[in-house]
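Here the chain labels run A, B, C and D in written order, and each chain numbers its own residues starting at 1.
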Amino acid sequence: MIRFDCDYLEGAHPAILQRLMETNLDQTIGYGEDPYCQAAAEKIRTACGAPDAAVHFLVGGTQTNTAVIYSLLRPHEGVLSPSTGHINCHEVNAIEGTGHKVLPLPAENGKITAQAVEQAVLAWREDASWEHIVKPGMVYLSQSTETGTIYSKAELTAIRQVCRKYRLPLFLDGARLGYALAAPGNDLTLSDLTQLCDVFYIGGTKVGALFGEAVVIPNPDLIEGFRSLIKQRGGLLAKGRLLGLQFDVLFTDRLYFRLGQHAIDLAMKMKEGFAKKGYAFWCDSPTNQQFPILTCQQVERLSRDFSFDDYGPAGPDSRISRFCTSWATTQEQIEALLNAI
Amino acid sequence: MIRFDCDYLEGAHPAILQRLMETNLDQTIGYGEDPYCQAAAEKIRTACGAPDAAVHFLVGGTQTNTAVIYSLLRPHEGVLSPSTGHINCHEVNAIEGTGHKVLPLPAENGKITAQAVEQAVLAWREDASWEHIVKPGMVYLSQSTETGTIYSKAELTAIRQVCRKYRLPLFLDGARLGYALAAPGNDLTLSDLTQLCDVFYIGGTKVGALFGEAVVIPNPDLIEGFRSLIKQRGGLLAKGRLLGLQFDVLFTDRLYFRLGQHAIDLAMKMKEGFAKKGYAFWCDSPTNQQFPILTCQQVERLSRDFSFDDYGPAGPDSRISRFCTSWATTQEQIEALLNAI
Amino acid sequence: MIRFDCDYLEGAHPAILQRLMETNLDQTIGYGEDPYCQAAAEKIRTACGAPDAAVHFLVGGTQTNTAVIYSLLRPHEGVLSPSTGHINCHEVNAIEGTGHKVLPLPAENGKITAQAVEQAVLAWREDASWEHIVKPGMVYLSQSTETGTIYSKAELTAIRQVCRKYRLPLFLDGARLGYALAAPGNDLTLSDLTQLCDVFYIGGTKVGALFGEAVVIPNPDLIEGFRSLIKQRGGLLAKGRLLGLQFDVLFTDRLYFRLGQHAIDLAMKMKEGFAKKGYAFWCDSPTNQQFPILTCQQVERLSRDFSFDDYGPAGPDSRISRFCTSWATTQEQIEALLNAI
Amino acid sequence: MIRFDCDYLEGAHPAILQRLMETNLDQTIGYGEDPYCQAAAEKIRTACGAPDAAVHFLVGGTQTNTAVIYSLLRPHEGVLSPSTGHINCHEVNAIEGTGHKVLPLPAENGKITAQAVEQAVLAWREDASWEHIVKPGMVYLSQSTETGTIYSKAELTAIRQVCRKYRLPLFLDGARLGYALAAPGNDLTLSDLTQLCDVFYIGGTKVGALFGEAVVIPNPDLIEGFRSLIKQRGGLLAKGRLLGLQFDVLFTDRLYFRLGQHAIDLAMKMKEGFAKKGYAFWCDSPTNQQFPILTCQQVERLSRDFSFDDYGPAGPDSRISRFCTSWATTQEQIEALLNAI
């Protein structure tokens, strides 16, 4: 069985394990105040061109989304999100558990537009009952999105402008940022994100680490008490150095970017392979998640040797399927798949 | 200026004020444990044909919705609601403030169907990621609805059956129940609601009281500690007898039902009047909220002497308008309106 | 049976009921935006010498405490309160339901000191694990306190100075403020409170109204979106004018102050009566709550004709008893009690 | 610098890292449904003599405490905890963030008694205002405690009996359970805990793992939807196998117990060394945390070569100091310390 279900099937890049072995018996204080975290934060600041940014490390995405959103909203506010956003669909009551509504915006290919954000704000402002309605208090989006697409610099800049106009913090979920950065057509760098976002994170779990997300807050004064809030939400790892160490390795010799590139190269090869054999796609993804449409018969046959995700019906006798590559996918795995389809 | 904006424009039925005057200097203990509350609860039990039901009195609708929903859901669950439901639209983050998502269902004329409830449950059950998705944990609906429509006995029974099948408590928001009970075509009695709902409330604020909602829980063991939860949510009135007294008056000599009938009679007269003059309606409401479509010019002209709610555009040059009658509306007010249109 | 259990045994001052009758069929818009609320707010601003203050009306104390505290704290903060404070003892999980810990301070006679506040802040600051500990984020106290005592101007000013030093908002629960203002020895005026507190409220429920608390926020920009938060917490009364009307009456011709004085005069008479007959007191209260110590036999005998609260044992065979006067207590009731003891 | 600050200073036992290396490129599905987690759960069930128990793996203690407590309480309830309990002192607003109060009980040497639990329940039951007071809804305690002490089987059984009498779930925080199990005088086995607790967890973070806590729920039907709640609270690790793998190693060849024993042996050696040189102790701990009292001068001198925690003043010129051993402490480190004191 070769697995393409998701991008967190394997452990970590060997360089990370190697470093874990080497440092295993070092003694450090806990909760992210160790030299590994400091070194990693410094490297991330450099990579972002943001010498003053605050950098925090959390274990996983749901924790991170929850802590950031909780820290940025006032009690009567909610978070604008694509209807397909992870916080709206796949985190149970995590955001609601902080007292806030997720305000879904129409998502086209997983993305929202500056216009949709502005309309939501104006609809709230112009409603006679506005005081009875959750106020749009910030914007959440992800790069790459749940459907594999990416925002262009122009799109994100437009969203940013609306956010600034209405004083909405902009938060970018970068669980798959490594794959977005390497995508064909991508024109957004870490420095751009630092300019455009109020908070964003660089996902490790899906891009080479055992686990870990690095939150970047370009203006370090934006959130008071964020470390306490991370603790409160169960996200402050006792042996915090494990997080620092992993990001230190990922941001040494551009490993993070190289892993992203590797996954994208194989995803594009997979995409081409499906296309050549005449498969249609649910959406045109330039990243590591590909969504070919398979007949039910094809699904059944392929499932004997390969695993992949089912995203629901595409027609009376066909299914949307998701195949993911990752930093760990091999040429051989892709070739085996392409031979089988 | 004659007002038709809503159904809580005036104070209370004179019989209630009279009773307030008479009992003003009586001394009673607080928090709803006084003889007035006991008497009112008993009358409501009788009216519902539910000798064992628990009856609680709260001040307002948002409190009541919040307390009931909070008491019935497990942490990973959410509440199914029509997308137009009050809890989804007009209570800020009240439900989310208890840690739960409102799960909107498509609403046709403000109503949901048994089928839509079942589909939502099955969609959750059949999703491979169900453990990451808010579980539908109960059903909320209102009678009459936000758009003035009412559920028939057949419709509510069908919803009830689905709820029982999937063990979802069914909660009916009766802020405007008095008007639903008197609506032409209504075939649901308080006894029926007692049979069909796990919790429902009888709205006083909009039907003759200064304020107050009477929660009926047919199975008194359903919710443990509900009075504490009401206290916690700020709904336990110190001088609780004010609530008991009002419902005692409303359920004496069928006053509650007569007030409902009065408002419906005038609403039907208003509806007929608009129809006769050729106005179209946004939806066909048999209750005290009527939604004629007016041109912008008509809105402007009428607004000089009458107030009413704007529900948004109906076309390029027309608006959906809401006109409400209530227990306090007079024949003269309706006639003045019909003369003016 | 003559009742002295608490200060919310009766309805409202007759002038309020009179006004309710007169205005009953006026039509006003809801949720506190009516002329009655505006007039009442203006009178309160004048009484406080605070022409710019924001004034909001809520139904009850728990709602008010919850809404104010929720609006003032960051997620990792808690509220300092006397251990005997109402929010710590008698509001179930109301504050915790907003995600915040109540941080109890030692209470002497129901009061905290500036020193205790400062110690709590410093203890947090100096703890090596401060990021793991709830940050003291504001101060809550009540005037008069749960044990009937009052803060002097010097005491409250000292607390205020510590609050300012550490940027802690100071919130005063004035559920019984009317009685504190009239207490012998009181040297704090509404104007003083306006200078010293960031938020305080003027209790109506216990001082002549059917219900209602008037929140005063001297700096109107302090809390953004407070009306939405009130709505969210179920505290925005549909027929908000009922609140405005009551406070309008209470702040006409100094009625609020006169009612306070009346209750205090009778409380002092009661206190003197108990003292003359040799009863000891649990604490020396200058306000409308008196706490004489009765033998169990005396409790039993008095209970035949009078009701009063039990505050627990005072010794092996004696109990702390609470007797309250209020705006509605009569000379005759006091005399009957004094004759009986 | 040799560190004794805490018991999470190093990485993981080499056998765990070894296993991580070996399995790194295995492909498994996520979120704890992989064969590693199944194997580990099975081994834990065997070690507990609980073939039907539910076993869940979370990353850290605060997450675990929060998820378990949130899942067991009704909205109006709180959790009884020693005043020194971790949930009361060092998890910011984690529990309050789920809407529940922590109800502190007097702690003697970090422990509560059955009697104190019963008194708290009775105090609530017998209070006339019980409906306004948070209901004691469960009991939390830790083994070993924050001060290094342990409950005996008799003590825990007594607490259990009170819990059963009043239907309070009993939850044991076993972050340091490995050290308690190996403590001299301990008479509680994992099987005993399975009999006595409703929920408990076996701490990995402090006993040989990189991170991870294994929750054991002897009656698997106790908590519905617990995995969703873990997800919601950010505790469901994407690469869940990392948790399973670590506990699989720890429960192979009794490694978990041997690591506990190792730390205890060295702690007892340390304790003896301090005692021999005449140091007094803050409390008599049989586990891996030792609390000798040092003069300020001794603290200063020792701090040049050793790190340890400060627990506050013991007298005018002395401090309570905490020295921890762990699975990773070496004979050489202990000897260096004993030579230095």
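A few comments on the model shown:
One rule holds for everything that comes next: a contact is a pair of C-beta atoms (placed from the backbone, for glycine too) under 8 Å apart; a residue touches a chain by one contact, two chains touch by 3 or more.
Please read these numbers as outputs of a predicted model, since none were measured by experiment.
Taking C-D and B-D together, the pair of chains sharing more C-beta contacts is C-D. Ranking all chains by how far their C-alpha centres lie from the centre of subunit A, first place goes to C.
If each chain is reduced to the centroid of its CA atoms, subunit A and subunit D end up 33 Å from each other. In this assembly, the C-alpha centroid of subunit B lies 49 Å from the C-alpha centroid of subunit D. Distance between subunit C and subunit D, defined via averaged C-alpha coordinates, is recorded as 42 Å. Counting only residues that touch two or more partner chains, subunit A has 75-77, 91-93, 97-99, 131-132, 228-229, 231-232.
Residue ranges of subunit D in contact with subunit C, taken from their complex: 75-78, 89-93, 95-97, 99-102, 128-129, 131-134, 309-310.
Within the complex formed with subunit B, the residues of subunit C that make contact are 1-3, 5-6, 8-12, 14, 17, 20-21, 23-30, 59-63, 66, 91-94, 97-98, 205-206, 210-211, 228-229, 231-239, 242, 307, 328. Interface residues of subunit D facing subunit B in the complex, by the touch rule stated above, are 31, 70-71, 74-77, 98-99, 131-132, 135, 224-225, 227-229, 231-232.
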